[in-house]
Amino acid sequence: MMRLANRGLCTGIIVLLLLATVALVVMPGCGEPEKAAVPVRFGILRNDLHQLAYYVAREKGYFTEEGLDVREGGAFNAGPEEMSAFAAGELDMGLVGTSPVVTFASQKMADVKIVAQANTEGSAVLIRAGLEGEDMASFRGRTIAVPGFSTVQDFLLRLALKKAELSDTDVNIIVLKPPETLAAFSSSQIDGAVCWEPYPSMAVNDNKARVMLTSHQIWPDHPCCMLIVASEFLSKNPEVVRKVVAAHVKATDFINKNKLEATDMARMFTGQDKNVCASAMKNVKFDPDPDPVEIQKYVDYLKTAGVVKVTDTGDFVDDLVDSEYLPRK
Amino acid sequence: MWVSSTKWKVISPIAAILLWQLLASAGLLGKTPSPWQAVEGIWFLIDTGLPPGYRLWGHAGASLARVLAGFAAACLVAVPIGVLMGWSKHLDAVLDPLVEAVRPVPPLAWLPFAVLWFGIGLVSSSFIIFLGVFFPVLLNTVSGVKSVDPRLPEAARTLGASEATILGRVLVPGASPSIITGIRIGMGIGWMTLVAAEMTGVKSGYGLGYMILTARDYARYDLVASGIIVIGLLGFAMDTCIRLVEKRLLRWR
Amino acid sequence: MEIKAGREPLLELRSLSKSFVEARTGKVLEVLSDVDLRIAPGTFTCLVGPSGCGKTTLLRIIAGLETATAGEVLLEGSPVTGPGPDRGLVFQEYALFPWRTVLKNVTFGPDVSGETRAGAIADARELLETMGLSTHEDLYPRELSGGMKQRVAIARTLAVKPKVLLMDEPFASLDAQARNAMQEFLVELWLRTGATIVFVTHSVDEAVFLGQEVLGLSRRPARIVQRFTCDLAYPRNRTDPGFTALRARILEYLKQELVDDHA
């Protein structure tokens, strides 16, 4: 009797185990260990080398080490698109350019906070191969593409034009998403463009364009991509945010300390070859500390352009940037 | 008759706007702009423009030019081909599989090729609109020609008409109600494809679809709503024009 | 009026046969079998036969809208190869161009054959005058009654001055009153113009009222199996004993034809 009962028990356990395995295989995400981690819906920009830290953190398992469940919530063609997803409440955290963050936050379309920085610099003004011209003035009367109005690149272009004493109307600024920008260079549809890496390196590598100005030359150490979080998510899950920031900082450190391996990972992340990645990596500064003073320049610009209504740009930036979650040094 | 039908026509838009304003006033719409904000937005577009300096008339004019160019080209190509396909069973059999294979492709999918073939500008965006307009006009023309009473071309033949004359003076007028229906549907789709078409980039910086994308980039959703309203009004105005032409051309019905 | 045998015929059918292959069953369907016919100029000939016997097909072959499987159609001695304005066809359902006004329907033929516009319009107005349609020239077909539509259709056909007028049950969709009126109108028109008319109908009464000669067709495949000469004076009276006797004779024959066929 005892043996029979034991056998029955064993069979029962085996069946249960089998069922559990099936459940795990069939429904990943449902069969995770008890007390499942809060999933983080994370947004990134497509093929944006600035956001390499996300890929490194994911591939090196930094998110998992922190006990996080970070899921890719979308890869976008330009910052405003990603900010629209934040406005719709579809993303919890993400990497995106400062300018769209400022634009959407000041319009109260998206309630977000900047909790860390991804990089500074890392964009370039390109001029179509075969065109004469060494400075911005040679763009007079020509067509220049930006990835979107109110993007970091749009801002850089306007800054560069201003430095060259050109006004917005001296050139023809159009919006083209970066992949189409390269095609537009080949068919001579545009004369210039401002893109994030690796697009400038890709264009140079394919002899489609050459770099006229790096963004370092336009505005040294200009803030670029930021790690942001939806305010509602932040108030509910401050510890999750702290851990994501920690993983992000760790990944950024890794990139800065292991340039070779990071370049190799950039190759995987952007799908570009080694030459392109190596050259692109040189133009990007990976730095997790946001600088509110520099960020304020975007707000000031958007205010003078009449696009956003902000009474005090300093207060606005103080409220927007929250460095509290960065690891103490 | 006319008065009452006009009365009925305005009910649904006014009701929709009232409901929209009501929901907005009750604070149920969150970040969605209210109709009043959209109207203010229209004024902002007229007065300041988006990007500043690019005013509403420029956007509307550029879009109208693109829609009309794509639309006119589509009609000029689709109607003759449709008449020939409706007239000749052989040509219909040969072309129909091609038409049915290309027709379901969303116009936007052609975007990379549009840029490759026509660059960025009027031709490229008109091409995308062309694709949207072409098929409804073509298919309505074919079915219109096929539905012409077969005795009419026969009667024309016994009266001494040549085949070319029959095409132009019997099949085309006979199919005209259906062709005009196709043109009306096509015009609607033309406006629908406009935003997509203007994603090919616009060299001039003008265009309603482009302006809506710009408004999105600037997080000005009130201006997005304004753009939608302007497109709606323009589409409605053009449909009314076609209806007037239809009324005049088809007064024999 | 009398048919002058031996005179050169205006229209001649020589052993005309027609068969279709039925698409669904693949069976060969014989519609006309060895039809011979000579129509003298100025005559009014009616063809009667059971419905679906191939009368319409016969007329369409003469008009050139269909081709015979064997045999030939000669108009003034030359073979017919396709449709043309020398043989005018009037359809049962009028087949007016709905987008053209009454006047423009009538001028369609002259228009497409490149006649001068002014001349065509004057001629058309004259035709409409004789049809009693003068006040309706700017109306569209949908605004006309059935009888009026058929008069427009006849005027449109006459406008191209055909040598022979082929009429395919033209009054079948009219109500009885309108039909009688149109029959009287047609007789009048024929007497006045001396046109050559071949008129297809399934109504014996109509055939006897109109024709100088009534040809009886058999069931499918149609052959001309009987000729009746109607030498009653025009305009005819339906209560006239000669009329009723002839009508009875033809009806009897048709009944026989149906019985034979079934046997």
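We call the chains A, B and C, going by the order they appear; numbering starts again at 1 in every chain.
Just so it is clear, a contact is a pair of C-beta atoms (placed from the backbone, for glycine too) under 8 Å apart; a residue touches a chain by one contact, two chains touch by 3 or more.
All values derive from a computational prediction rather than experimental measurement.
Participant: What pattern do the touching chains form: line, ring, star, complete or other?
Facilitator: Chain contacts: open path, no cycle.
Participant: Looking at mean CA positions, which chain is nearest the middle of everything shown?
Facilitator: B
Participant: Centre to centre, by mean C-alpha position, how many angstrom separate chain A and chain C?
Facilitator: 84
Participant: Express in whole angstrom the distance between the two chain centres, defined as the mean CA positions of chain A and chain B.
Facilitator: 38
Participant: So what's the Cα centroid distance for chain B and chain C, whole Å?
Facilitator: Computed value for the inter-centroid distance: 49 Å.
Participant: Please name which positions on chain C make contact with chain B in the complex.
Facilitator: Chain C residues touching chain B: 63-65, 82-85, 87-89, 91, 93, 95, 97-101, 108-109, 112-113, 140-142, 156-157, 160.
Participant: What residues of chain B sit close enough to touch chain A in their complex?
Facilitator: Answer in residue numbers: 31, 48, 51-53, 112, 115-116, 119-121, 200-205, 210, 213-214, 216-221.
Participant: Quick one: which bits of chain A touch chain B in the complex? Just the residue numbers, please.
Facilitator: Touching chain B from chain A are residues 78, 80-81, 83-84, 87, 100, 103-104, 106-110, 143, 145, 148-151, 168-169, 172-176, 180, 183-184, 187, 189-190, 305-308.
Participant: Applying the document's contact rule, which stretches of chain B touch chain C when the two form their complex?
Facilitator: So the residues of chain B touching chain C come out as 149, 151-152, 154-162, 165, 169-170, 173-174, 176, 250-253.
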